[in-house]
Amino acid sequence: MVDEIMPTFFEKKQLVTPGELLAEGDYQPGENTYMEENRIYAQRIGLVDAENKRVNVVALRAFYVPKVGDIVIGTVIEVGFNGWTVDIKAPYTAMLRASDVLSRPFKPQNDELSQVLNAGDLIVAKIASYDRAHDPQLTVGEPGLGKITRGQIMRVTPTKVPRVIGRKGSMISNIKQETGCQIILGVNGVILVTGKNTADEELAMMAIRKIEEESHTSGLTDRITQLLKEEKSKMEENKT
Amino acid sequence: MSTVLTRVKQKQIAQLIDAGKRLDGRGLTDHREFTIEEGLIERAEGSARIRLGKTDVLVGVKIETGEPFPDTPNDGVLTVNAELVPLASPNFEPGPPDENSIELARIVDRGIRESKAVDTEKLCIEPGKKVFVVFVDVYILNHDGNLIDAAALAAVSALINAKMPNYEIEDGEVKIKTGYSPLPLKSHPITVTMAKINDKLIVDPWIEEEQVMDARISIAINDEGNICAIQKGGAGFFSPQKILEASKLAQEKAVELRKKLGW
Amino acid sequence: MNDKPEKLIDKKGVRLDGRKADELRPVKVQVGVLPNADGSAYIEHGKNKILVGVFGPREVHPKHLSMSDRMVIKCRYHMAPFSVQERKSPAPSRREVELSKVIRESLEPSVFVDLYPRTGIDVFIEVLQADGGTRCAAITAASLAIADAGIPLRDLVVACAAGKIDDTVVLDLYDAEDKLGMADVPVAYMPNLNAVTLLQMDGVLAPEEFETAVNMAVEGCKKIYLVQKEALRTKYMTTVVKEEAEE
């Protein structure tokens, strides 16, 4: 039998810890769970849920594991012979090949590469390939990807990124609208906020931080929109 | 490890064990044939060399005089050290003792110390000032599995073989006299190591079995049949029931070995 | 200071610190205490005070220590010089080297090492104050720190020791009992899988006494497991329960 759904937790999901027995019998192990004989146990701390006999745990604490197609924001940490090593806040460092960035065939001279991207530069990239035997390979060969030149960077736990996006993107659209900022959400939990001025950027960042803290409450979208409107009007008042 | 067991070999070993057999034909609870040679290093006060299958371990005992530990002023000092010398295995590297040699030394030490194998009270020359210090140095010459039991058996054999110089105290000075006496021993602990493979307990694992096992447990038993040291090793686990099974098995094997050794 | 007490446990079954034979010392744990670590925990078990920080999964350095098909676990058990009665040199002792190894081997069975090949996790254990049973308290905290780092686990690992003082098998020896007692049996355990991942023993025990000690230690572990789970719930509950019941 599946663990009871506890009515005291708003989203009606129970908090489970690693090793906790979640179900026994005719069930399938889903996210963050594993099966031993015919019993399903939790692998991580999270909220358990069952959907069509599939038991999942939405992890409250997990690190980012790359997936092909993910948009991530990373920091260049090393300039190599034919590319750059990038820190994408994952267990593996990623590689960006020079051939991906430069339009023409290049001569492997270190100097050239560091002029394109140097250690410390931030980039928005896409995971082009990744498997168990190889570190993730990045690509910036698509519109919207490449070196970051302005804006502010912040980090949230990767598990909270979906909440920042909101249902059908509702949450993130609201923030963008109210603050007039451009926001790029890396699946790896790194977020780039670019606004017309620092005040707008900080407003957006504050909203995102609030979402991270209160992610499992309800009515969050409305509360955030309300908060942003209030802060925005305060800012307008201060100007006049 | 640089010598990796092929998957085929791993499967072979595991399958045989399921059928109650081992690659070298032994039963699951059989020790390999072994011989112990004593007194081969004349410069040492005591020595013994064991060949347990192809595992080859030499133990030397040196006895010197020194100060007792402040909290045991009437007791002699016993210290055990182990070296996994590079010639014993392609995986041993020269250098200071690593975690494996330190663990090995401490397991052997525990078996000897807790069973009170060496009667440390009789090693007191002048309480609080001078005692005999017994150095037990374990030297692994060839690693073919189960270094713990080989080292423990050789260490006790070396202690049995060891001789202390006769002495008398003249004006507070230790004067060595002629002749020797055996090292005063109170117990002859026997250590039995068992590996767990496919939930079965295998006594005296050989090196390839050690590479397949998920965990091991070593149990030292004194002359009275009481347990005086235990160490679980390896990245696997045992159920509490399996541990008690291992304890029983170790007691049985200790009785067998004690008879064989005449201890 | 060196006067040995005559009895460690009296006729009524009361120990020098007031506990009964099967009573645990108080245990308190907190999770997520080190901002720079990926996972962390702090434990107070009796007078033991131990802090654990976990980093990873991350790339292994030096590279030759990394394994192509699994995660590597590195563990360092270290005692602060001021943690014991007589100041201890900060250099790693042989005991610390052995404990680092057995503690690593007690945690490894709980980690899904096959999931993240070519990575490693570092577990750093610092004993700030010691009073007997530090390896057990360290394991209890380390397992929480690993869970706090978001690393997938089969179960939490919890540890507790049993032993013998005078002629009685007792639970959870503190330093004086360990030094003056007859035997000490530390045990680490994964309760949901009924798996013992660390077992050591020194002293002398008859086989039946050993059986009693193991069972007693396992029961002690089960009690501390509840404290571990509660600590995790407490930390993560605050992110979950802010019941602004607005629909």
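Quick notes on this one:
Each chain gets a letter, A, B and C, in the order it is written, and its residues are counted from 1.
As a working rule, contacts are C-beta pairs under 8 Å (C-beta built on N, C-alpha and C of every residue); 3 or more make two chains touch, one makes a residue touch a chain.
The structure presented is a predicted model; accordingly, all values stated were derived computationally and were not measured.
Listed by label, the chains that touch chain A and also chain B are C. Each chain's centre was taken as the mean of its CA atoms, and the one lying most distant from chain C is A. A comparison of C-alpha centroids places C closest to the centre of the full protein.
One inter-chain figure worth recording: chain A and chain B are separated by 54 Å, centre to centre, where each centre is the mean of the chain's CA atoms. Distance between chain B and chain C, defined via averaged C-alpha coordinates, is recorded as 28 Å.
Mean C-alpha positions place chain A and chain C at a centre distance of 34 Å. Across the assembly, chain C contributes 190, 193 as residues in contact with two or more other chains. Residues 38-39, 56-59, 68, 110, 112, 116-119, 147-156, 190-193, 228-229, 232-233, 236-237, 239-247 of chain C are the ones that touch chain A when the two sit in their complex. Those residues of chain C that touch chain B in the complex are listed here as 2, 94-95, 97-98, 100-102, 105, 108-109, 185, 190, 193-207, 210-211, 214-215, 218. Residues 71, 97, 99-100, 102-103, 105-106, 110, 113-115, 217, 222, 225-240, 243-244, 247-248, 251 of chain B are the ones touching chain C in the complex. Those residues of chain A lying in contact with chain C across their complex are 8-10, 15, 17-21, 32, 34, 36, 41, 43-45, 47, 59-63, 65, 91-93, 132-133, 213-219, 222-223.
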